[in-house]
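One chain, chain A, links the two complexes that follow: it is found with chain B in the first and with chain C in the second.
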Partner chain A sequence: MEILIKKEILISALQSIHSVTDKSSVKPILSNFLLKTLDDENGIDGKSCVEFSATDYELSIIGKFPAQVIEHGSVCISARKVYDICREFQGDDIFIKSTEQLWIHVTSGASQLKLPSIDVGLYPQAVLEDLPEKVTTTAAELKHFIESTLFAAQTNESRRNLMGVCLSVLDEHTTRWLATDGHRLAQMIGTVSSAISEKVSEVIIPRKALQEVSKAVDLFKDSVEISFDDRTLQFVGSTFTIKTRLIEGKFPNCDPIIPKDNDLNIVVDRDRLVSSLKIVSLISSEKLKPVKVTITQEKLILESEKAEYGEVSDEIEIEYSGEEFQIGFNAKYLLDVLNIINGSEIRLEFKNAMSPCLIKDPVDNSFLSVIMPLRIEW
Partner chain B sequence: MEILIKKEILISALQSIHSVTDKSSVKPILSNFLLKTLDDENGIDGKSCVEFSATDYELSIIGKFPAQVIEHGSVCISARKVYDICREFQGDDIFIKSTEQLWIHVTSGASQLKLPSIDVGLYPQAVLEDLPEKVTTTAAELKHFIESTLFAAQTNESRRNLMGVCLSVLDEHTTRWLATDGHRLAQMIGTVSSAISEKVSEVIIPRKALQEVSKAVDLFKDSVEISFDDRTLQFVGSTFTIKTRLIEGKFPNCDPIIPKDNDLNIVVDRDRLVSSLKIVSLISSEKLKPVKVTITQEKLILESEKAEYGEVSDEIEIEYSGEEFQIGFNAKYLLDVLNIINGSEIRLEFKNAMSPCLIKDPVDNSFLSVIMPLRIEW
Partner chain C sequence: MDTRKIIHVDMDAFYASVEILDNPQFKGQPLIVGGSPENRGVVAAASYEVRKYGVHSAMASSRAKQLCPHAVFIKPRFSRYKDISSQIHQIFLQYTDLVETLALDEAWLDVTQNLPEEPSATILAQKIKTQILEEVGLTCSAGVSFNKFLAKIASDEKKPDGLFVIQPKNAVSFLLSMEVKKIPGVGKVTAKHLAEHGILVGHQLHEKTESFLVQHFGKFGRVMYERIRGIDHRPVSPVRERKSMSVETTFSKDWVYGATLLNELDKLIENLWKNCQKRSLNGRTVTLKIKFNDFQQITRSTSVNQAIASSEEMFQLCQRKLERVCQKEYLQKPIRLLGVGVSNFEKEGGQEAKQLDFFELIDHSDSTGNG
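What follows is the complex of A and B.
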């Protein structure tokens, strides 16, 4: 193999597979990536190119990048070493050439790097599959769906089926993205270009795959096809693909948890509420910062626990005409939701002082989040 | 005590004492700081103000900051809590008021923080001393002297007398700043406004104090008076002081290590050499990256060890008319020196292929560094 590639393209390609190759040394072979030339037919816009791919068995990332192919072939080399060293090269062009003894020569100007490579056959190559169920949307919308729900997914392994986002197809233009960790829930109703799901009603996509899609969203260019069966899911762009195993198991039915007919409704300035929650929660050294919320007809009052290490309170003016009440929350959960709503205002809905709190953007009905209240005794 | 202080001033004051208060919980009282009002006479420009101070016994930081004093007094409170919470306050003005029960009320707009305080008498207050030996310079020059030498000071505790920078007064306008860890040395001959040292010929200033001076240099305003005896040293600005205990012991005589009459002289582009050293050193997983330097009449060649994990080489064009030779170095030591030289070129001087390397800025004779060569066997 012999190719000439722009330094910036090589760096961007290696960054896109970084999270898969940057592993602990449990399986040293997974710290490598596969670099392969593609002929005109499989290339970009009818021109030959190179393909970078990496996998950790669970998650695979495959991207096509423009390069001048001098001699076709494929190599498997350390991602970290190529990345660290090529980033320091002064020239704009980088030559990569393999020799018969499995040594790879990487050259740029007067700088020469010689690296051992691994027999390509030993590397667990990712293969794209033709999967029956398909959802098509834009890259930007996909990122929005993921970021609106992923924060509520469970991070610890106690319930594996909650460690991802549940995607279901509601009709041929509507998808539902849903995540919960038992204490809070986030749901996004996402309108998409097309959605076809005949045999599989819902799938649970693991956190890590979604984080990668969100990070690499620009590489998908404009449109993304999400194809899946009941075990595997692929995010496919014109030159970039992320493939993941799905989480096995059944996602719980969350509909009964979403409170309906809420009579107590408050609209609050988002930035003001974020700053108040930070002020009130910082005093506590607990991870889930408990905060008491008192809602009166003129203001929303936030108070920390009255403790020997100090106490904090803050007030925000609101317009509210219902009865006064008090409710407790983990400030962190509220902050997580407020961080992903873009609007300047937030709508909080309650049935009563013991009910879960429904949080929405008052001008966008596609998103909602539910937070369970916290029993507070001060 | 009751004061009104601008939020940005409070935050900047707390940042300046942060490194002293941000301690592990070995001595919990040291996580607090002392806030004290000063009358017109001791204030800033003849107006009353507040003084923030903190100490960890070794190092003390004392700063005067403008504030409106409503009622004189002093309090001792947690630096971290006041900093974290006040930073989130929305208002520009912050009221701080103490009560008789040792509770401190911090208020800004509708936000209220109530914190327990500690009896001021229990806190180990730092007292400024009148010390006999005095050096006066500008804050910017002082920062330059420190940064030019501190990188070469020893970081581990095996030889305590090398864990700082040795300051000596050469004549009434000249100081010498010197640091070494046994493998390399950095010396700065600093011209100062005035220098008087009668009884103490040299002092060893600990790393941490110098790091703090370098960080807080803007708070010294323009001019800094360094006053010291054989045990204590103070950096005194018009409203800001850092006081430190000195390192006891004798600093080694480094003059014999600095090579003289070096016949082999090379001038290299600084940025090019930095990038080459990074390229060549990144392949090695060792902490002190060994690199082989070959100097020919046209170029300087850098090579990594030839190892099974790969090898790198790079070349830089130079003008050099002496004999060809090879020498080994720890790339990290070279990079450390190159990072603190501002000029576009670097002068490397050698006596022979076994001698220490003298590194200078070709247009500035005040600074020099010496790096011991490394035996290389490849």
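What follows is the complex of A and C.
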């Protein structure tokens, strides 16, 4: 194999597979990646190119990147070594050539480097599959769906089925993205170009895969086809693919959690609420970031509760004429949701201090979030 | 560190002894508690009569049957052993708070400071043995020394029904003549490995340098280096946190629901509340135990989202349950015993606030039983 590749392309390609190769894994071979040339037919826009791929069995990332192919072939090398070294090269072009004794010669300007490589046959290659269920959407929309829900997915292992986002196909153009960690829930109803589900209408996509998709969204360019069965899911773009194993198990039915009859409702200025919550959370070193919210006639009062560094209270004007009540929250949970909603106002629907609170954009119904209160001793 | 006083108590053939206690006809018989020899079971415990034949725990039951064909096999009843074990644990707690449970049948007690204020650990060990025999009906072996390692080794020295003391001045000479396989942690593999280096007896281990032992046995080499010199600084730590706290009282006269019963409930709760406060225990579940005049016993539990904040709150929760039991479920049935327990303690230094969870159901479990 012999190729000439731009340094910046090589670096960005290696960054895109970094999360898969970067591990002091029990299987050292997984710290390598596979670099192979593709001919014109399989290349980018009818031109030959190189393909970077890496897998850790759970997650596989495969990307095509432009390069000048001098001689076709494939190599398997340590991703970390190549990345660290090539970043130091001063020249713009990097020339990579393999020899028969598994040596790789990397040259940039006057710098020459010889690295050992691994027999390509030993590396577990990621293979794209033809999976029956298909959802097609744009890369930008996909990123939006993921970011609107992933924050609410569980991070610890106590409930494995919550460690991802549940994707359901509702009809030909509608998908539901849903995540919860038991304390909060986020649901996005996403309109897509097309959604076909025959057998499997609901899957749980692991956090890590979604984080990678979100990070690499530019590499997907325009349209992304999400194809899946009950075990595997692929995000396939024209030159970039992320394939993941799905989380086994059933996602809990969250419909009963989403409040339907919360009758204490307010609409608050988003930015005003965000800045106020930020101050409260800055002053509290506690993990729970407790904030005491009092809803009273025409006023929403936020107070820090037993904060470490001092006390803070803030009042925001609202339209409200119902009965006065108090409720506690983790300020961070509220901020996470407010960061998702782009509108200038936020609608909060309460029932009482012990019941879940529904949060949404008053004019956009595609997104909603539910937060369980924090029980604070007043 | 001042010299500590540690007792290691090891029940003699625990499961088998419990079975003999409950079924005296097994006494003197070769008894094996474990799975059946036909169904690939293993020996969980063997009475001393059957140990003579070479039967030991973890051996396949079929092999045990070969060794001792007339042995009696019975199935283990772990819940019963657990009950007895906690009964014994309660005895330990009368001597010291520093009780570390190793297994159902084994525990370390740090009696450097002890509740009876008895300066002699040997006398304490004897008292504990006697009390276990009198109150539970089982024998045990006790080891007394100045650290956990030596106390454990000592308890094994005069089994069954033994008491052995290793004093600081005798420790090293005792260890030098001891077989190294007696060191806890030295299993078959390490013993073989030691033997390959000609180490069978304590003095042979004592001769080796620390670097030699670390080189060949890793971290455990360092442990052995210290142990053979009688060094073990591990504290006796009651790893098992207290799970519940309860009080109860048997009335001199049976009562039905009314002012007297509620007054008794109030007294119990005041008592329980004080006990919990003393130990900074904040429970979320309160359990009411009621024994009627016909000895039928029931319990009723209720849980709240966050630790019960006051004795008044606890009283209200219990009163509601008691009222329901007396006026609905067991109409005016006379009560001879009333008990209240708290459990589901919040972690120490309890959080000021509690994040509520969608999936966490508030548990209102009730149970009924005869006792």
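Quick note on the criterion: the second predicted complex is superposed on the first by the 367 of 378 C-alpha atoms of A that agree within 3 Å, B and C clash if a C-alpha of one lies under 4 Å from a C-alpha of the other, contacts with A are read in each partner's own complex, and residues count from 1 in each chain.
One rule holds in what follows: contacts are C-beta pairs under 8 Å (C-beta built on N, C-alpha and C of every residue); 3 or more make two chains touch, one makes a residue touch a chain.
Note that the structure is predicted; figures quoted are calculated from it, not measured.
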With both complexes overlaid on chain A, does A:330 touch chain B (first), chain C (second), both or neither? second
Output check: A:88 vs chain B and chain C. Expected answer is one of first, second, both, neither. What do you get? first
After the superposition on A, what does A:354 contact: first (chain B), second (chain C), both or neither? second
Chain B versus chain C as contact partner of A:372, first or second or both or neither: second
After the superposition on A, what does A:290 contact: first (chain B), second (chain C), both or neither? second
Should A:185 be classified as contacting the first partner (chain B), the second (chain C), both, or neither? second
Using the superposition on chain A described above, determine whether A:267 touches chain B (first), chain C (second), both, or neither. neither
Chain C versus chain B, contacts on chain A by residue: B
Check chain A for residues that touch chain B in one structure and chain C in the other, and list them. none
Report the residues of chain A in contact with chain C in the complex, numbered from low to high. 159, 180, 182-183, 185, 252, 254, 257, 286, 288, 290, 305-306, 328, 330, 354, 356, 370, 372-377
Considering only the defined contacts, which chain C positions touch chain A in the complex? 305-306, 309, 351-360
Which of the residues in chain B end up touching chain A in this complex? 78, 81, 84-85, 88-90, 110-116, 272, 275-276, 278-279, 282-283, 308-316
